[in-house]
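Below, subunit A partners subunit B and then partners subunit C, in two separate complexes.
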Partner chain A sequence: MFPTPIERRSAALQRMYKTALPFAMILWLLPLIAVALTSIRSAGDITAGNYWGWPTSFNLIQNYSDIFTNTPLGSYMWNSVRVTIPTVIGTLALSCMSGFALAVYKFKGNMLVFFMFVAGNFVPFQILMVPVRDLTLQMGLYNSVTGLALFHIAFQTGFCTLFMRNFIRSLPVELIEAARVEGVKEWRIFWFIILPLMRPAIAALAVLVFTFIWNDYFWATVLTQGAESQPVTAGLYSLNGQWVAAWHLVSAGSIVAALPPVAIFFLLQKHFIAGLTLGAVK
Partner chain B sequence: MISTFKTTIASLAASTILATSAFAGELVINTDTSDPAPKAAFEQLIADFEAANPDITVKWNLFDHEGYKTSIRNFLTADAPDLANWYAGNRMLPYVNAGLFEDVSDVWEENGLNESLASAAGSMTIDGKKWGVPYTYYQWGVYYRKDIFEANGIEVPTNWDEFKAAGATLTAAGVTPITIGTKYLWTAGGVFDYLNLRTNGYEFHMALTKGEVEWTDQRVVDTMNNWKELIDAGFFLDNHTSYSWQEALAPMVAGDAAMYVMGNFAVAPLREAGLTDDQLGFFQFPVINPDVPLAEEAPTDTLHIPANASNKEDARKFLAFLASAEAQTKINETLGQLPINKDSTVGDDKFLQAGYAMLSSTDGGIAQFFDRDAPAEMAKIGMEGFQEFMVKPDRLDAILTRLEKTRLRVYK
Partner chain C sequence: MSASRASRFNQRSLAPVLFLAPAILFFLFYVIFPIFQSIQISLYDWDGLGPKTFVGMDNYVELMDDEAFYTSLKNNVIWLVLYMLAIPAGLFIALFLNQTVFGMRLYKSLFFFPFVISQVVVGLVFTWFYDPSYGLLNVILGWFGMGPIAILGDETWVTYGIIFAGLWPQTAYCMILYITGLNAVDPEQIEAGRLDNAKGWNMLWYIILPQLKPATFIAIVVTVIGALRSFDLVSIMTAGGPWGSSRVLAYYMYEKAFSEYGFRMGYGAAIAVVLLLIMMIYITFFLMKMYRDERGQ
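Presenting the complex of A and B:
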């Protein structure tokens, strides 16, 4: 087996590994540690240039309550929820159906439609910036949670359809054929036979799409502005004051904003990894 | 069936229009005062106004700073409030020229504001008319470490030679005379403003920022040569291009730098970082050319009536209320800034008092700030030029030629 597992290496090498590992970990986590440390500093510490030293005072409770009472972080978080949850539900609903259609039915242009879904994934989304902004403006959806969610649903459906179609393809065709022989209607086959079997794929995709959308910064800044519609990733910047950049509050806000996807990742870690590898090997 | 459906839609549409547009007695105000202190100040102001005018209800929409700069262009044309806050001087010029702000000279006349707000009258006037009411400003000047000055036996410099001598003493003691962070350019604009105001005076400075004078003019070169003297003498912090203004506070807190050419908003973070009022002082930027009357820099915040507003009558009442001595005293106490009404009382803070004393005796004129006096594009390229000059003073000619080219293009 390559690489040789560490427990089968020599004792000296094992010791080296064990001492090097914590160092490497701290080095990798240094930026995160800095953010966490900054989030409990006082504003005075930051002005005095004390970025890495021991904080002169610990303002854990003060900073974290400040961001909710003195800044619109709460409404930014709520906007993120209002964008992310409908996107996850909408994308999964659409891609389950389109995946089912593309995997089960043989019709003219099946491959063409499928390739279009796949090709959509290869379009760099930055080039869509101006047309999509104009489109949402003309539809009256600019600067609204609905507009942002609709765009995410449309864009994520491509990838999810590819994923779902391949997953359904790997299910035994005999299940569907047997049901058809029994005279079960097509939509009942989808609902009662295929959908329950797709649960692992749905779970995996839900976790994946949730983190994608929650962490999206680009479209949040392009399609929304202001506390009434902007998600937290884009809203963090406005925690700064007119003159003074309140890095301690921005850091605290970043940590709060990062909690939901991190929590989801740890709770559903199994599905997340499955989502990345599902369909990768036959 | 279809017709009833249509009427339902029509009445629904009508009711939403009614709901969004202001009806009589409702006053819609849009502001970007979302920081804690400005927010509290406006809350108080609106509550007081409503108490004084029980028949008027105020609807207040709060925007964040960055978003407001783009939002204001949208809402002034599309969905105008009755009042909106903005800034004096050239910053309001585009909206005045586009006919988006209402002429409020009558408010000034009727309430005697030409006397009580005299110090800001100039910056509110375009084409001989007043376009808004100013409610707060703050001074610029030199903030310095009093204890470091005393330790090195330096008196507060009042003229150019004393200023340079003070710098030489500080450099000899291993202290950087002036801290500055030019990463976001505008700090360099502040230094240029003061050097130019002191070298050539207010009239010339305004003519320059209005595009009426060539950047290659000898008088601009004089200003830059004065600046070069400071640069050559090692006045400014090393590597200033990689610091924001805020990061450049750190050397001053640590005692590695002694002065900062800055606005009064620098005081709050310096105090937070542990400097006491015994350690921290303020002085007026020293005289360079004794023949030039002293002009100062004091950016002014203002409130305007959009031309498309629906309730202009009540909006005028609000402006008159905002201009009163009591309202300005109260709002600026919360803001920690200076009232413009000359009958207002100034907060009991030594920096506010110093600023008030300085600005109320200013006869040379009050500039807004380089990026408020000059149009946005000129300001950006100008300040990039200043930053470059601070790093490579030898490129002066090339920089001024570039600015002159920009002037010809921007003002036309």
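Presenting the complex of A and C:
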């Protein structure tokens, strides 16, 4: 292991390391800790400039219920769910199939199609912005969660196809060969042999896509407006405009918006990191 | 027998088409065609609703004389250069955390935390952190008798302030790449290095880093793309201000095409084309490496 395991170092150094760890972590998360603390302060504290002293009262329940009752935050959150969940399902369905096709079949243009997915995945969003907004308008889906989800499905399919294809490639080919000799139909090979083996890849991509889409802000502002269809990222931004200097509410809103991906990350950490670090190890 | 063989052959050639069709259709209509449509729109004068007027290269000519375009371009370069700091910073934290003391898993997750939350939240958190009257930064500066300084209201500091906010999640991302990479470093080589008396820097430089190459490659790719995609933070923290000094190409394009500054789709598209050209350098580089790797297999 590198660096040298701390157990092999002197006792003094070990003690130093163990004290440095929590300090480093607090420093690293300081902005977030500050936000969490602010989200339970009273409006009085905020106007009095008491940001860092002891709170005069703890308004945890009041602040958090305030943002749900006095603002459309609840509806923003629900919109995020309505965009994110269908996108995850749609993207996985498309990319399982495309990844399978690109990994298993040799045909002319295989590499070309594969590179199209990879390259498209890297283009700046702005080059797509005007035509995608236009297309969405023409389909009558502007300002709807469907319009937003459809675009997300298409765009995420690029990255997910890359991931799925490489994953299937690492599976033993003999399985497929053997099934073919037995006369198993192609779609049955996909459904009964490959798909069950893809579970870890599906899990990894599901959490990753969930986080990406939940946190998307750009497309939310391009394709939606108003509380009936805007997801929470864009919603939080418009609320921030309304809550001028009401930092206790901004903080509470930020925490609520951040909660779902954070929860998913902590619950499914192994899959999340497996997805993110694809290719980081040879 | 021959009939069934023919049907199997048909199935084998038809299957990839059917499996690929939905993904390709989606991708073509939402990603590939729009790229070319944008290039085409950049040759027109268009407000997004009315008729388009062909203007040839006029949008690009105008771009050459546009002060705001150069500011954005310059800021993009600053973003690209400074964002790269996330890579050594991520490596540093990964090395710091690559131990097996009690509770390490939790520490690693907490350090990774900033990457999981939305950039909107990161932007709001840092806007508040920089707040000239109450922000934590100025409270700390106050302890040393300095400040207050309004980072986001100052033309010289604003871009650096936003990049610093962006480095927070980006460093977390690079860290996790390196933590995974470090787990896979060959322990025998480390022991061999130790026998040869390689220590500290030498060990890191000659033995560890070469083995971390795949992690470094991915870290560079995602950091470059992250830097060029910088839109969220600029939009949330300053909306390009003060006086347009923190604009980047991605944001300037949006401003030109969609905001109260006028719905100039053609001009916006021209900015996007420039951004795409910059990105193409990296895309080509990435694809070429991938192609070599595929060939090597």
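Convention: the second predicted complex is superposed on the first by the 266 of 282 C-alpha atoms of A that agree within 3 Å, B and C clash if a C-alpha of one lies under 4 Å from a C-alpha of the other, contacts with A are read in each partner's own complex, and residues count from 1 in each chain.
Convention: a residue touches a chain if its C-beta (ideal position, glycine included) is under 8 Å from a C-beta of that chain, and two chains touch if they have at least 3 such contacts.
Bear in mind that the values here come from a model prediction, so they are computed numbers and not experimental data.
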Just checking: does A:273 make contact with subunit B only, subunit C only, both, or neither of them? Give me first, second, both or neither. second
Applying the document's definition of touch, where does A:122 land relative to subunit B and subunit C: first, second, both, or neither? second
Examine A:113 and indicate which partner it touches, taking first as subunit B and second as subunit C; both and neither are also allowed. second
Touch test for A:54: subunit B only (first), subunit C only (second), both, or neither? neither
A:237 in the overlay: touching subunit B, subunit C, both, or neither? Say first, second, both or neither. both
Which partner does A:225 reach: the first (subunit B), the second (subunit C), both, or neither? first
Determine, under the contact definition given at the top, whether A:42 touches first (subunit B), second (subunit C), both, or neither. first
Going by the touch definition up top, name the partner, subunit B or subunit C, that contacts more of subunit A. C
Does the superposition put A:23 against subunit B (first), subunit C (second), both, or neither? neither
Doubly contacted residues of subunit A, that is, touched by subunit B and again by subunit C: 49, 237
Sort out for me which residues of subunit B touch subunit A in the complex. 34-36, 38, 63-67, 70-71, 244, 246-247, 249-251, 253-254, 263, 265, 268-270, 272-274
Sites on subunit A touched by subunit B in the complex: 42-49, 70, 72, 225-227, 237-238, 241-245
Under the stated contact criterion, what part of subunit C meets subunit A in this complex? 8, 11-13, 15-16, 19-20, 22-24, 26-27, 29-35, 37-38, 41, 48, 95-96, 98-101, 107, 109-114, 116-121, 124-126, 128-129, 133-134, 136, 139, 168, 173, 176-178, 180-185, 187, 190, 203-204, 207-208, 214-215, 217-218, 225, 228-229, 231-232, 235-236, 249-250, 253-254, 257-258, 265, 268-269, 271-273, 275-276, 279, 282-283, 286-287, 290-291, 294
Subunit C-touching residues of subunit A, taken from the complex the two chains share: 1-3, 5-7, 17-18, 21, 24-25, 28-32, 34-35, 38, 49, 51-52, 93-95, 97-98, 100-102, 104-105, 107, 110-111, 113, 115-120, 122-132, 134-135, 150-151, 153-155, 157-158, 161, 180, 183, 185-187, 190, 211, 214-215, 217-218, 221-222, 233-234, 236-237, 240, 247, 250-251, 254, 257-258, 261-262, 265-266, 269, 273, 276-277, 279-282
